[in-house]
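To keep things simple, chains are lettered A, B, C, D, E, F, G and H as they appear, and every chain counts its residues starting from 1.
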Amino acid sequence: MKLEQGQKLLFIGDSITDCERAKPEGEGLFQALGKGYVSYIDALLQAVYPEIGIRVVNKGIGGHTVRDLENRWQEDVVNQKPDWLVVMIGINDVWRQFDTPFIKDWHVLIGEYEVTLRKLVVETKPNVKEIVLMTPFYLESNEQDKMRQKMDQYGQVVKKIAEETNCLFVDTQAAFNVVLKELYSATLAWDRVHPTAAGHMVLTRAFLKEISFNWNRT
Amino acid sequence: MKLEQGQKLLFIGDSITDCERAKPEGEGLFQALGKGYVSYIDALLQAVYPEIGIRVVNKGIGGHTVRDLENRWQEDVVNQKPDWLVVMIGINDVWRQFDTPFIKDWHVLIGEYEVTLRKLVVETKPNVKEIVLMTPFYLESNEQDKMRQKMDQYGQVVKKIAEETNCLFVDTQAAFNVVLKELYSATLAWDRVHPTAAGHMVLTRAFLKEISFNWNRT
Amino acid sequence: MKLEQGQKLLFIGDSITDCERAKPEGEGLFQALGKGYVSYIDALLQAVYPEIGIRVVNKGIGGHTVRDLENRWQEDVVNQKPDWLVVMIGINDVWRQFDTPFIKDWHVLIGEYEVTLRKLVVETKPNVKEIVLMTPFYLESNEQDKMRQKMDQYGQVVKKIAEETNCLFVDTQAAFNVVLKELYSATLAWDRVHPTAAGHMVLTRAFLKEISFNWNRT
Amino acid sequence: MKLEQGQKLLFIGDSITDCERAKPEGEGLFQALGKGYVSYIDALLQAVYPEIGIRVVNKGIGGHTVRDLENRWQEDVVNQKPDWLVVMIGINDVWRQFDTPFIKDWHVLIGEYEVTLRKLVVETKPNVKEIVLMTPFYLESNEQDKMRQKMDQYGQVVKKIAEETNCLFVDTQAAFNVVLKELYSATLAWDRVHPTAAGHMVLTRAFLKEISFNWNRT
Amino acid sequence: MKLEQGQKLLFIGDSITDCERAKPEGEGLFQALGKGYVSYIDALLQAVYPEIGIRVVNKGIGGHTVRDLENRWQEDVVNQKPDWLVVMIGINDVWRQFDTPFIKDWHVLIGEYEVTLRKLVVETKPNVKEIVLMTPFYLESNEQDKMRQKMDQYGQVVKKIAEETNCLFVDTQAAFNVVLKELYSATLAWDRVHPTAAGHMVLTRAFLKEISFNWNRT
Amino acid sequence: MKLEQGQKLLFIGDSITDCERAKPEGEGLFQALGKGYVSYIDALLQAVYPEIGIRVVNKGIGGHTVRDLENRWQEDVVNQKPDWLVVMIGINDVWRQFDTPFIKDWHVLIGEYEVTLRKLVVETKPNVKEIVLMTPFYLESNEQDKMRQKMDQYGQVVKKIAEETNCLFVDTQAAFNVVLKELYSATLAWDRVHPTAAGHMVLTRAFLKEISFNWNRT
Amino acid sequence: MKLEQGQKLLFIGDSITDCERAKPEGEGLFQALGKGYVSYIDALLQAVYPEIGIRVVNKGIGGHTVRDLENRWQEDVVNQKPDWLVVMIGINDVWRQFDTPFIKDWHVLIGEYEVTLRKLVVETKPNVKEIVLMTPFYLESNEQDKMRQKMDQYGQVVKKIAEETNCLFVDTQAAFNVVLKELYSATLAWDRVHPTAAGHMVLTRAFLKEISFNWNRT
Amino acid sequence: MKLEQGQKLLFIGDSITDCERAKPEGEGLFQALGKGYVSYIDALLQAVYPEIGIRVVNKGIGGHTVRDLENRWQEDVVNQKPDWLVVMIGINDVWRQFDTPFIKDWHVLIGEYEVTLRKLVVETKPNVKEIVLMTPFYLESNEQDKMRQKMDQYGQVVKKIAEETNCLFVDTQAAFNVVLKELYSATLAWDRVHPTAAGHMVLTRAFLKEISFNWNRT
C-alpha cells in the first residue's frame, strides 16, 4: 500500500467526484464525501486499513472543467496542503462540445486543456508526496463514436502529462471498457457519463489497484 | 464464486439492509437498492463479474424485528422466488430491550427470536439454492457491555441455526471487531448501530468473502 | 389537412408522450397536455387552423410499455371515443433489456410486442376514423449500436402492422436520423431517449407532415 | 433564411419572453430558454436547420418595461455581443396604466416609451447584424377597448422606429388578430396577456416568417 | 335587517365563493370562510350586528358549475339545514364555452343551466326561510363582448327563476357595471373573473343592500 | 368624504396593520396590502368611490413599537411623500411589559412612547395634508385588567397628541368596546390582540367614519 | 410515590396533553410523548425514579372535547389496558361556547359534560389501579370573567365526580392561580389556554404532588 | 435560592445547550430557549419563583468547542452583561478525537482546553455575580471506555478551574452516573451524547440543586 500513516488524500474533479458531497468542506461524517467513488475509496481504506488513518477530502464540483479547476486551485488544492492529490477532469471540457455545440465559450479545447492541466500538475508536484492523474471517460463502447474519440484524445493528454511529470496514472476508460464488453452502456449510466454504483466501483477498483491496495488483507 | 449465471439474490432485514431503498420494490436503477451494503455488493458484482448477471433485490425495512419479518415473509420472500436468500435480523429485537426498556411489547426475547428465525429458515431452505445467515451486530468494543453481550447471544443463535440447517454463515460482529481494535466505535456509527460507509464496507467484505468473491479478478 | 372540424385526437404512449401532462385527464388549459410534442401539435393546430377546433387529449404515462397500454386500453382509449388515435410505444420495451438486463420480468420481447400491438390496433381500428402509428426511436446515430439495432427492429414491426391494418405511419427514427447527421445525439437528448424541445419539434414536424398540415397557411 | 452560420440570436423583453428561463444566463440545456416562443424558435431552428448552429439567448424578465430594459441594456445586450437582437417590450408599460391606475410611478407613458426605445435601437444598431422589433400585443378582439387602443398606439411607435432605423419588424398584434377572429381571447390567454402554447406558436410563426424560415425544408 | 337572531346563512357557488375556504367544513375561526365576499359579509354582520349571532357557512368549490352543485346538493345544502341559502353559480358554465371551446363535455349550455337551477331552487324553497339568487358576472365593460353577452343571458335566467320562485335577487353584474364605468376591468380582475378585494366588496355591498343591512347602525 | 382625487394614503403600524402585506413595497395587486383593515379600506374606497383614485400604501411591520417606527420613519414615511398618513402603534410597546416582563430592554414605557410619537407627528404634520392617529387597543372587556388599563393610558396619550397637533383621531378601543358588550373577546381574537376579519371590519368602520365615508353612496 | 414498578400510565385529553405527540401511538423515543406536561412527567419519573420503569403513554388529541373522548374511549383507553389513567378534558367544551358562539353544534354544555365524564370514569374505574382527574383551566386571573366562571364550573364537576368515584384529583386552576398572582396571564399563554413551558411545569408539579413524587430523592 | 430579583442568567455551550433555540437571540417566547435543560430551568424558575423574575438567555450553538466559545465570547457573553454565567463545554472537544480521528485540526486537546477555559473564566469573573461551571459528560457507564476516560479528564479540568476561581460547580457526569446504574445508556441518548427529555431533567436537577432551588416551595 503506497499510502502511509496519517496522510491527507485530496480528490478534485467534476460531478463524478462531487456526487453531492458537503460544501464548502468535503470531509467528515454524514456523507460529507458524497455518494460516489471518493466515498467508496475512503470506506475501503477505513475498513481494510483502519490503523493507518488516511484523511480523505473531496473537492469535486459538478459541471467543472479544467478551466474552473485552475480558478479554484489556490483555495481548494494549495491551501489544503494535501499529501496526495488525485485529479480527474475533462469530461465537461469535451461534453460541452457535443451537448451545447453552439455555445463556443463553454468549450475547453484540447490545447487549452493540455496547457492548463500540465501547468497545474507541474506547479503542484514539488509540494505534495504524490499526484494521481485519472483520465476522463465516456461510457460508450463504440470507439468510432465522435465523443468517445474526443474523450480518448483527452485521455491521451492525461497519460502524456503523467509520464512527463512522473505521476501515478489511472486509465479509467480502460477499466470501463472491460465491463462495457459485457454490459450495454445504459446499465452503467443513462447519460453515458454519470455512473451507477457499479460504475463508481469500477473507478474505485482502478484507483486502488494503482496504489497497491490489498482487498484480501485480514 | 458461488453465485451463478442469472441468479436472483434477495436480502431481507432491518434499517441496516434498507438504507433508503425504493419501496415497495427494492430493485432497479436510481438507488433502488439503497445506500448501504446491499448496494455495495450489487455494485461489486456488476463491476467485477459483469457477465454473470446477478439480479439483486433489497427487502430491508427499518425498525423491523424477526417478528415483523415473519409477518411479511410470504410476500417479500416466498413470492419473490429468490435463488439466494440473505437474512440479517435481530438488532431491533435486542435494541428495544435497551432503549425503551419499559415497553415490553416491543421486545423480541431470545426464545421467540430463535423459534421464529429457525422456522423461517427451515421452511424456506428447500425452495432456494442457498440461504446466507448474517448475525446482528453492535459496534461496541467492550464485550462486557450489556447490550453487546445480549447481541452476541443472538449472534450465537444465528450461528447455531446456520449449522443445523446447513446455511452459509457470516459473523458480522467478528468482522467489525477487527476494525474496532483500531477505531473507536463512534467513527463507525454515532449510535453504535447504523454504520458509516466504512461500516457498510466491512459488511460487504464479510459477505463477499463467504461467497468466494475475487476482488482481483481481471 | 386530414383532420376535420371538431374531431377528437388522442395520443397514447410513454414518457415521451406524457411530458408532465395533467393526470388523470390530459386535456384543458394550464399545460394539461404536458410540455412535449403533443402540446406542440395542439398549439400549432390551434394557431394555424383555429377554426376547425380539434380536441387534443394526452394519455401518455412515463415508463409504460405496450404491456401497460394493453392494461389501460379500455379506460384510456376505448372509453374516450377518439376520432383519431395516435400510438407511439416501444422505447421502454427495448430499453429495459439494456438498462436493467438482469430483471427479465421487465423486458417486453419483440414477439409479445408485435402480438400485443397488433391486437390493440386491429380491435380499435373499426371504431375510429384513423389510427396513426409512430415508431419508437433511439437517438443514437450508430446503426450498429445494439440498442439502436433492436429499436429499429421494433420500428419495423410498427411499420408492418401499419401496412397490414392500413394505418397512417410515422417513422420517427428516420426523422431524427436527418438531424443526427448534423448534431451529436447529446444535443438532442442526454440519455438518447428523452428529447429536448428541438427533438420534440422533430416529432411534431414528422406527425404534422403525415396529416398534411400546412405551416404556410395564412 | 436570413440567419447565418454560427450567429448569436438574443431576445430581450418581459414575461412573455422570460417564461421561466434560467437566470442569470438564459441559454443552454434543461429549459434554460424557458417555455415560450423563444424556446419554440430555438427548437425549430435546430430541428429544421441543424447545420447552421444558431446560438439562442433569452434575456426576458417578467414585469419589465422599456425603462427596466434601459437599466440593464449594457449588461444584458451590449456585453452579450449578439449578431441578431430581438426586442419585444411595452405590454407592462401599458398594462400598469390599466391594472394599477393610481400608482402613477409605475406607468411608462407613450412619450417616454418612444424616446427610450428609439435611443436603445439607434445606439445598438451599428454594432449588430440585425435588429428585429416586435410590437407588444393585447389579446382583446374589441378594437375599441381602451387598453387595446393604447396597446395599438404603442405598436405604432414600434413600427415607426423600425421604419426609421431600418429594422426588421414583426406585427404580433396583427398575427394574433387572425386567430382572434376564430377563437375567443380566453382560449389564448386567461388574462389577455400571457399566451397559452398556441399563442406562443402564433408569435413563433410571425417571427420565423419575417426571417424567411422554411418549415418544409427537408 | 332581514336576517334574524341565530339564523344559519349558507353560501354555495364556485371559486368566487370558495376563495380558499376550509374544507370540508367551511365555517369557524382561522379564515375557514375563505378570503372573499363570504368572509366580508360574515365580518360585517359580526361587527355591526354582533348581538344577532348569524352562523355563516361557505360551501363554494372552485371550478364548479350548476351541474356540480346538483351532484353535491344533498350533502352540502339539504343536510346542512340552513335558514338562508345564497346561490351564485354560472360563471364556469359559461367560461368553459369560451376558454376550452373544443371540449364540449365541459359546457353547461343555457337550457341545462336553467332546468337544473330551477329544480334545485324549487325543491329547496319550502325547507328554508329565504333563498337569495345572485347572478353570475363577467368583468368586461363591453356589452357586445361575446362572453359578456352570454353571461348576461345566464343572469337573465337567474332573474327569471328568482321572480318565479319569489326568491331574493342580487344583480351582481349591475353592481359591477357601476364601477366598470370608472375603472378598467384589469383593476378589478386580471382574468375578468376572479375579483380583487375591491371586487369582493362590490359583491358584499350588493348582497347586504338586498337584505337591508345598515352600515351606519351604531 | 375627506379624501380627494388622486391622494396617497399611507398606513404605518405593527402586525395589525401589516397582515402579511408585500415587502418591501406594500402596494399594488395580489394582496400587496395584506389581509387586514388596510386592505378592507382600500377595497371599500375603490368599490364605492372608484373615480377618486386613492393610492393606498401599507407600511406596517409585525412586532414593531414606536421605537421601531422612529428608526424607519425617514424611509417609510418621509421618503414616501404621502398626502395622508395614518398611524396606529403602541400595542407591542405595552404587550412586551406583560408577556415578557423580565426582558426590560423590550419595553417601551409610556414616557418614551409619548415623547417619540409626538416628535414624529410634529415633524411630519407640516409636510402632509392630514394625519390620522389611531389608538392602540386590547380586546379585553374587563377595564380593571392590568394590560387593558395600561393600553387605555397609551390610548389617552394618542388622544392628547391628536388634540395638541390637530390631527384626526380614531378611538379604536371605543369601537371595539361596543362589540365586546355582545361578544366574548375570544370571538374577535384568540390572543386578545390579532383580530379576526370581524375585528378588522370594526377598525375599518371606525376609520372610515372619521373620514366621512358614505357606504350608501350609489 | 404512589406509582409502582412497571406500571403503565396513560394520559388522555386535548391539545394541552397532545403537544405534537407521535400518532397514532404516543409512546417511545424521539419526542413521541410530545413537548408538554406528559413529556415532563415522564422525564422526571425516569430521571428521579429510574429503577421503577413506568411506561408513559400519551393519547391527547388537539381540539377534543369529552364527546370526542367518548368516541375513542374503547380504542384509546380500554384496549390500552393502562394501570393508571389520567384525564384532563373540558377546555374545548367551554371554549367553543366563547370563540364560536354561533355554532351551537360544537358546544358541549355542562350537563352533557358531566354525564359523559362520569359514565367514562365509572365504567373504567374497576379495570384500572387508579384514575387521576385533572380539572380544565383558563389562564385568566379575573374570576368574574365569563369564560373563567364557566371553566370553574366545569372544574367543580370534575371535583364532584372525583369525590363520588374516589379518584385522585388535581385542581390545575388552583395551581395556576398561585402563579397568576405574580405574572400576567400573557406570560404563561398568549391565548390564555396553551401554556408555555412554565405553564406545563405548573401542571407537572401539580400532578406529581398528588402522586407523592419526591424531587429531592437522591 | 441563590438567584435574586431581576437577575440575568446566561447559558453558553454546545448542542446540549442549544437544542434548537432561537437565533441569533436566545430569549423570549415561542421556544426561544430551545427544548433542552435551559428551557426546563427557565420554566421551573417561572413556575416556582414567579415573583423574582429571572431573565434567562441561551447562547448555546451546536458543534461548538471551547475554541469556538473563545471566538464569540465578546459578543455572546461580555456584551450581554449577564449577572450569572453558566458554561458547559467540552463534549465536542473530546468527541472529534473519537468520531473523526484523522482530522486533527478539529481536535481540541486537553492542554488547549484548559488554557482557554481558564482564561475565559478568569477574565469574566470580576464582571459577573456568579459563574457556574458544568462538566461535559458522556452517557457511557463503562469507566474504562476510552472516550469516557477522556471526558472524565476534561471534567477534572473543569473542577480544578472551578476551585481555583471560586466558581459554582456542577458535576453532570456524576449526576448521570446515578441514573446509568439503573438504565442502559441507549435509553438516555442513542448516541451517548444528546440526551432525551429525561437526560435534560438530570441536568436540570443537578443545576438547580447547586443554586439551592426548592421544588416544594408553595
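By definition in this document, a contact is a pair of C-beta atoms (placed from the backbone, for glycine too) under 8 Å apart; a residue touches a chain by one contact, two chains touch by 3 or more.
Because the structure is predicted, anything quoted here is derived from the model rather than measured.
*Asks:* On the document's contact criterion, could you list the chains that touch subunit E and likewise touch subunit G?
*Replies:* Chains that touch both subunit E and subunit G, as defined above, are F.
*Asks:* How short can a chain-to-chain path be from subunit D to subunit H, counted in steps between touching chains?
*Replies:* Minimum step count, subunit D to subunit H: 2.
*Asks:* What is the Cα-based rotation angle between copies subunit F and subunit H, on a 0 to 180° scale and rounded to a multiple of 5?
*Replies:* 90
*Asks:* Counting C-beta pairs in contact, which chain pair has more, A-H or D-E?
*Replies:* If we tally the C-beta pairs in contact for A-H and D-E, the bigger total goes to D-E.
*Asks:* Using the average of all C-alpha atoms in each chain as its centre, how far is it in Å between subunit A and subunit F?
*Replies:* 63
*Asks:* In whole angstrom, how far does the Cα centroid of subunit B sit from the Cα centroid of subunit G?
*Replies:* The separation of the two C-alpha centroids amounts to 45 Å.
*Asks:* Could you give the separation in Å between the centres of subunit E and subunit H, each centre being the mean of its C-alpha atoms?
*Replies:* Each chain reduced to its C-alpha mean, subunit E and subunit H end up 62 Å apart.
*Asks:* Of all the residues in subunit B, which ones touch at least 2 other chains?
*Replies:* 29, 99-101, 183, 187, 190
*Asks:* Considering every pair of chains, which are in touch?
*Replies:* Final set of chain pairs in contact is A-B, A-C, A-D, A-H, B-C, B-G, B-H, C-D, C-E, D-E, D-F, E-F, E-G, F-G, F-H, G-H.
*Asks:* Taking the touch rule as given, give the residues of subunit B at its contact with subunit C in the complex, in rising order.
*Replies:* 6, 27-29, 53-55
*Asks:* Which subunit A residues qualify as touching subunit D in the complex?
*Replies:* 99-104, 106
*Asks:* Across the complex, what residues on subunit E touch subunit F?
*Replies:* On the subunit E side, the touching residues are 29, 31, 33, 35, 39-40, 42-44, 46-48, 50-51, 178-179, 181-183, 187, 190, 196-202, 205, 215-216, 218.
*Asks:* Quick one: in the complex, what on subunit A touches subunit C?
*Replies:* It is residues 95, 98-101, 142, 144-147, 183-184, 186-187, 190-192 of subunit A that touch subunit C.
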